[in-house]
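So the structure is just underneath, and the comments pick up after that.
Letters are used for the chains, namely A, B, C, D, E and F, taken in the order the chains are written, and counting of residues starts over at 1 for each.
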Amino acid sequence: MENSLFTANNIWMMICTGLVFIMHLGFSFLEIGLTRQKNTINILFKNMFIICAGLVLYALIGFGLMYPGEFNGVLGFGGLGLNLPGNGLTAEYASGGYTYWTDFLFQGMFAATAATIVSGAVAERVKLESFILFTIIYVGLIYPIAGSWQWGGGFLSEMGFYDFAGSTLVHSVGGWAALIAVYLLGPRIGKFSESGKVGAIPGHNLPLATAGVLILWLGWFGFNGGSVLSADPAATSLVLVTTSLAAAAGGISGFLFAYIRYKKYDLTMFLNGVLGGLVGITAGADQMGITDSLVIGLLAGVIVVLGVALIDKLKLDDPVGAIAVHLICGIFGTLAVGIFGAKAGWEQFVHQLVGVGLIGLFCCVSAFIILFALKKTLGLRVSKEEEVEGLDLHEHGMTAYPDFRLD
Amino acid sequence: MKKIEAIIRKSKFDEVKDALHQVQVNFFSYWDVTGVGNEKEGHVYRGVTYSTSDIQRRYLSIVVSDSFLERTIDTILKTAYTGNVGDGKIFVSDISETYRIRTAEKGESSLK
Amino acid sequence: MKKIEAIIRKSKFDEVKDALHQVQVNFFSYWDVTGVGNEKEGHVYRGVTYSTSDIQRRYLSIVVSDSFLERTIDTILKTAYTGNVGDGKIFVSDISETYRIRTAEKGESSLK
Amino acid sequence: MENSLFTANNIWMMICTGLVFIMHLGFSFLEIGLTRQKNTINILFKNMFIICAGLVLYALIGFGLMYPGEFNGVLGFGGLGLNLPGNGLTAEYASGGYTYWTDFLFQGMFAATAATIVSGAVAERVKLESFILFTIIYVGLIYPIAGSWQWGGGFLSEMGFYDFAGSTLVHSVGGWAALIAVYLLGPRIGKFSESGKVGAIPGHNLPLATAGVLILWLGWFGFNGGSVLSADPAATSLVLVTTSLAAAAGGISGFLFAYIRYKKYDLTMFLNGVLGGLVGITAGADQMGITDSLVIGLLAGVIVVLGVALIDKLKLDDPVGAIAVHLICGIFGTLAVGIFGAKAGWEQFVHQLVGVGLIGLFCCVSAFIILFALKKTLGLRVSKEEEVEGLDLHEHGMTAYPDFRLD
Amino acid sequence: MKKIEAIIRKSKFDEVKDALHQVQVNFFSYWDVTGVGNEKEGHVYRGVTYSTSDIQRRYLSIVVSDSFLERTIDTILKTAYTGNVGDGKIFVSDISETYRIRTAEKGESSLK
Amino acid sequence: MENSLFTANNIWMMICTGLVFIMHLGFSFLEIGLTRQKNTINILFKNMFIICAGLVLYALIGFGLMYPGEFNGVLGFGGLGLNLPGNGLTAEYASGGYTYWTDFLFQGMFAATAATIVSGAVAERVKLESFILFTIIYVGLIYPIAGSWQWGGGFLSEMGFYDFAGSTLVHSVGGWAALIAVYLLGPRIGKFSESGKVGAIPGHNLPLATAGVLILWLGWFGFNGGSVLSADPAATSLVLVTTSLAAAAGGISGFLFAYIRYKKYDLTMFLNGVLGGLVGITAGADQMGITDSLVIGLLAGVIVVLGVALIDKLKLDDPVGAIAVHLICGIFGTLAVGIFGAKAGWEQFVHQLVGVGLIGLFCCVSAFIILFALKKTLGLRVSKEEEVEGLDLHEHGMTAYPDFRLD
């Protein structure tokens, strides 16, 4: 391949890496915006930890676990640390799509995302140390092993499972752990009254939450656009279009459906709808046409509204809606590959179902083991007093807006 | 001297303030409080609709000489009024002494 | 009529509020203040550890008719209590007149 | 054309698409920052709606209206939806500049901008449903029709009108509608006292407003840089330089001129000056030299300060200064193409004047018809009570910072 | 027992607080209010210059036993003073009862 | 060189330019987040001024001073304004890396950074006019002269000094001036008690400070990635990896080390650690391996914590930690090139030491002369009254959140 095309491809992949990186700002804004002020520092700390530790862990073991080279399809290990292959900086390495370094960094940015999803769901009550340990194990081991089954060339990819950019491999992997964690943690004080009524615990900064969603949408240009693994004009530009249209449609159907149900123009459901559309299109962003993307988005918007209500009904407390967005829409998006677009078909649908099921099983079991062990040892949850007074003061000795005054 | 504490709708504040100026009540302090009372406000948040009786109000603290008491109360009663539940309350109490820090004046003259 | 001012821990507010509702004290106003007192809170900021006695508190202002005074105070004393330094204070003072703006009612009936 | 150049061009255009997308975050921050807290959710909702609906509408009809192919120069329609041409994904489609998908998405991001401009001007008093309907018609029909006259190859481009990236076709199109809307809506309660004095209604978050301007500046790299329609190194890099220098000069002259007038270092005028410079350079960003850009920026900074004062004097209430920035500087920038830079000349100036006038006429008339019809049916303005209490609670049942507390 | 309410310049707060500590007044609560008074503050916003008499102040609420009254007032009068319009006010009123929540103590002992 | 490679390179450089630009948003957020609310408008104003004036000055004289072409190695001047060379828009200009316009804009974005660093350190007490004059001289003259010694091909580069992207030439240049300025200004009222105790003056918005750091990290992709001066896949992708790993490692060691010292999970030290890692890797980002970058990051994280404590102990008041981050880590990073990575060696270390020393001397002397002259004429510091009441009201007649209310 010509050097100029290799260079162009690598530029695109580096940009996408930067865009996925900035999704962490988006997640941070979304999470703090939808939670109470007294836990803001804690959430920011967790998010900073996730991105930093995620990258370092991925360099140390994750990349080797996820892309072990030739392996048995279930578990392999390419070796500790980053080992630049001989052709790692040439067009040979990845059909001219990118260098070994770009490969690592792009994948490393993805890795951290899975933990971030959990972070939002467990916010406002999880013990910092326990979450840190969980993150280390989940991002360091579980995420890359699950990833290796498909993207590492493992048995799921052999079978014919398709997950373009990670509706299952990233979003559901995070979402399942979020589900288990939320279940083991229990709801925040005040979320469900004794009589079983669902309470609302409004967040403290909806402008930042909205900014977070717009930043995430932009980041998704890299998340999905980079998953083409080259700058191929036809594929990348299609992916950006399907991604954006699904997001737009998700937002619209989300707010309209919420309006029908609740008779108010609920901004938070608009935002969740956009995210639902984005997660929903992710598995098949390169396989869908215009109409498919719009339909997937419209459905995802409705699903997310129903999903949030369902989680509430199950007495699970997910402060930012991570389970509805990432898990439920992630499953929907993965199955959608068998229903809409170029790959639609019964057989594909079954493959998708199997993939969803196996990844779900693996994630649930491992998340349960890790979190249950933590619960029985360190404890998962802060004391009642700490929860009521806020994690910021207790764990960090700091509040989020110490000098804020009214004019 | 009397202290008048009025808890009113935020949306009525500008009117009340202007009306107080009309009757030469030019000095007071105010801040925002949450009021718990009869009124309910409908909310929705992430798919949960709920109604709360914790509603934002504005709290006015006005210290006046006795001769100003009546007109101040009348003005507030008139301008803060909408007729709907939630218009708020006025509380009157005694102030035994007042000082103007700038001049160290005491008593009624410190309120002018 | 009496004004009860209670300065309590923010973390105790929900309990106090619920308990007040139990004893039919359904009307009050509250806001957040900084309290200076015996309690100290440890902080760290950019490598400086310090402790401050300026601590966030919630300020409740409740005007009640005399017959409600005792139960209100008892309720607060009971529910705002943790036993640790910093539980807060209750102050009681006289209110000479009250008005409900919506109806221009005066006196005790304006508090119901 | 070689595939590698096509790929590189398309990468650039996709990046520019992302940058124009993120302008919507910039606009959102700017608008909420300069308005009162009680209307924040409403503004964010409108902005989310604009970007989502804008994209979907542009996919359904806008793109076909704006780029109808061969047409009579006034009104054409290329067909409903997106119809990938046979060569749409090859270098043939657009002289190797980008694919059909990139084309659509880049243009789609532009489309939404026009409505966003209106959104700021009508903030804090417009009825949500009416604004939604207006947006649908204006973005779905009016903007693409006006655009077709020039960028679609219509009669204005035939005539010799020049508008590189949209001082007129985007900013003025939005600005004219803002003007009409502000006129029909009337001022916010409290903006003009009975005695006719101009009041100030300060916004609630100037840090976010400032962030908005910096994000918009960055976005303009894509707005103008992408309007080269390829990654041609000479043209794109010149455009970035002229754009940045005009912005910088606009900011400086804006704050200095405001200092002379008001004896204070007014941050809001600094921000408006930067935006004025950006809008001013947009029509001729590829035609100007260094000095031209600096002069255009300096003039735009002064114009914007005078413009804001003028709008106030006319008793028009434009909370964020959209008319001064987008309309007045848009007109100035368009005319500047006839005064400065490579195209300067009397004839060009006349073309510019004609273009400004015709687009202005078309936009004013259509905006008036739509808005007047809405005013007589649904009503344009919220009730006095709702305006005073804030749109957030009434339309959305939600406030912007529900759990915000002081430390 | 007395309640002293002082409305002072925010910029004077630290001085006042330190001085109060000097005279053993270690317990009080404060919050920020908007004061309407004689002082005017010049502003500019998006090309409109205006002056407002709504100025940020800090509100101190200090409940003291009668023996502390004088020194508290003197201290505030001295340290909150600049001599310019806008230095603020002090209001004194009666408190009929006080409680320390932690110990349920009543009266003067609850203020120590 | 083929046109397509030239185009790709130039795209990368333009993207990096945009990324360095957005660092100014990152700095703004960081600075306002860590300072008190009453000075927010002032800081935003200064930051807007720096970026605007920085670009204009760099166009007028800075670029000519910094890249004078053939010169004596100490001081040269390529001429006033921007003079497009004959080959300035072709691949010949810079071995096909970028055009003359890109060159100017990328370097211009760097220039403003040095002043921004000072801005943070002098925040909350510096007189606006004095700071403006200082910025003009420092960014217009001192920064480009210092830069010419190395990047302009001057005597430091002849000698063998190595500073890839500016640990010394940007960060220390800013850091030295910050040190001098902080010394001449004296501490903020309340920072050090009469008894000599170090006080904490918490900022007003830690979420924005955190966002600032994430934005800066992203910006560093352009700061370091662009310093490759082409899109060479091997070099650029390595640089992004070393940059990110150093940042991640710096954050982790920063928070851990602070935890050991202060027994709290201090978010601000996490943020400073990330920045320390970024500054520390900057001088050798293209010379380091994976382990080197991790080690540099880990050390930088510790250094920054110690540095902040040291500055405090010296009774210097640096509200945002600019000296510890930019100066101390800048020196460390520069020396690290002689200790770690491909260039490690005694001779290189000595070169690094000489470079650090000479640049330090030049910056300290010139900053002292400028600031001392300003102190004796205009005065450097606002009145006590203004400092206590806040610079926003006095200099700008505006507060940062005028309409902010609690719900």
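In this section, a contact is a pair of C-beta atoms (placed from the backbone, for glycine too) under 8 Å apart; a residue touches a chain by one contact, two chains touch by 3 or more.
Please read all numbers here as calculations on a predicted model, not as lab measurements.
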item: Other chains in touch with both subunit A and subunit E; value: B, C, D, F
item: Between C-E and D-E, the pair with more C-beta contacts; value: C-E
item: Intercentroid distance (Cα basis), subunit F paired with subunit A, Å; value: 33
item: Chain centre separation in whole Å, for subunit D relative to subunit C (CA means); value: 51
item: Separation of mean Cα positions, subunit F and subunit C [Å, integer]; value: 49
item: Distance between chain centroids, defined by C-alpha means - subunit B, subunit E (Å); value: 19
item: Residues of subunit D touching at least two other chains; value: 2, 4-5, 8, 11, 15, 201-202, 205, 262, 264, 266, 268, 396-399, 401-407
item: Subunit B: positions in contact with at least two other chains; value: 10, 31-32, 42-45, 49, 93-94
item: Overall pattern in which the protein chains touch one another (line/ring/star/complete/other); value: complete
item: Touch list for subunit E against partner subunit D, complex; value: 32, 42-50
item: Of subunit C, residues touching subunit A in the complex; value: 9-11, 14, 41-45, 49
item: For the subunit C and subunit E complex, residues of the former touching the latter; value: 2, 5-8, 31-38, 53, 57, 59, 73, 76-77, 80-94
item: Touching residues (chain side subunit A, partner subunit E) in the complex; value: 405-407
item: Residues of subunit D touching subunit F in the complex; value: 2, 4-5, 8-9, 11-12, 15, 19, 36-38, 201-207, 210-211, 213-215, 217-218, 221, 225, 231-234, 236-238, 240-241, 244-245, 247-249, 251-252, 255, 262, 264-268, 270-271, 274, 290-291, 294, 399, 401-406
